[in-house]
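Residue numbering begins at 1 within each chain, and the chains themselves are lettered A, B and C in the order written.
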Amino acid sequence: MPIKTGTIALNTQGNTDVIDITREVERLVIESGIKSGTVTVFCPSSTSGLTTVEYEPGAVTDLKGIFEGLIPMKRDYAHNSTWGDGNGGSHMRASLLGPSLTIPFVEKTLTLGTWQQVVYIDFDIRPRQRELIVQMMGD
Amino acid sequence: MPIKTGTIALNTQGNTDVIDITREVERLVIESGIKSGTVTVFCPSSTSGLTTVEYEPGAVTDLKGIFEGLIPMKRDYAHNSTWGDGNGGSHMRASLLGPSLTIPFVEKTLTLGTWQQVVYIDFDIRPRQRELIVQMMGD
Amino acid sequence: MPIKTGTIALNTQGNTDVIDITREVERLVIESGIKSGTVTVFCPSSTSGLTTVEYEPGAVTDLKGIFEGLIPMKRDYAHNSTWGDGNGGSHMRASLLGPSLTIPFVEKTLTLGTWQQVVYIDFDIRPRQRELIVQMMGD
């Protein structure tokens, strides 16, 4: 069974930067030569996560607001007290959202909805260079 | 390696309708003829999501209350201001919960706990016809 | 295509006990003999979940605090009223976090970040004996 593993390199702004990676995932699926199967996108990071959203400016703004409401950055975090790195809230947002996303594809096409994009969210508190793992498996 | 892709068609009530899809997933696993592997259930939608829960009326009621508490529908959402469609909160709930669920199966049996059911939650603000993707992979 | 299914047995303290299972998952991946592929970790339980976090005492403390803030245990839950078992909040936390985690591995090595560990969180309100499902698939 074919397995192909690729990566997506990103420069993010941090601070709950919401980045549409749909085209990069689609491209890796097509390049894999695999017709049908699943693609797993994974963040090798503890301060970022993955989900899907309708990628339009309103929903992106709302997403930042939701995370700030649920897990405010300015709260006291034990992680910050210990390490002094100020990104305790980033870690919590990442753990809640989760680091992986698995999407079926059929005939080399992701089974996404019309208004549904794959997004990577970088919760860290500074710009980061990131590399995501994208693994296709199928036949 | 065998891969089989099926669908589950649903008529939902929207408004955080919590629907037990365990039997449909089990049926598709059995029909796939695959003995052991993983099944990925995916929502091709940006206003619904998947998880597991003990599917009894109390927990279903609690789940609706939890989402209303965390992400109230009546708040101001930039998505609503832009598009005037009133389902900004639905999008946020869906992004937080996530669109996919991967479950191992062994000897054609899902590895669920005794009190654990697979549920689809439709957060949209009106009844919807939905079609979920269910992909089995294994040997 | 090889598929191997293993288990991880755990004794937990419940009460949002956060347990690092990275080494056990790594060991099962190596023992599977599969070189590259995905490992799916699954909780056959409706009161526990999986994610990744930087496993250090501060972040673990923060994680407990985040869940208590988002979904307090002492609230009124319909699940508790019906069943009298007091773990309604445990069910809600588990549904929000999700029961499964899929991680790619390459050359028998999980694609985790340097500061990223796989954690199982037991939200139940008493110590539990648990068994997680770990399924490797690849070639």
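General remarks:
Keep in mind that, in the parts below, a residue touches a chain if its C-beta (ideal position, glycine included) is under 8 Å from a C-beta of that chain, and two chains touch if they have at least 3 such contacts.
Since this is a predicted model, take the numbers as computed values, not measurements.
Once chain B is removed from consideration, the other chains connect through touching as one piece.
As for how the two copies chain A and chain C face one another, under half of their interface residue numbers coincide. Annotation: 19 Å between the Cα-based centres of chain A and chain C. Multi-chain contact residues of chain A (touching two or more other chains): 1, 70, 96, 98, 102, 137.
For chain A in complex with chain C, the residues that touch the partner chain are 1-3, 5, 40, 42-46, 70-71, 77-83, 88, 91-92, 94-96, 98-100, 102, 133, 135, 137.
If you check the complex, the residues on chain A that touch chain B are 1, 36-38, 51-54, 56-59, 61-63, 65-66, 70, 96-98, 101-104, 106, 111-113, 115-117, 119, 137-139.
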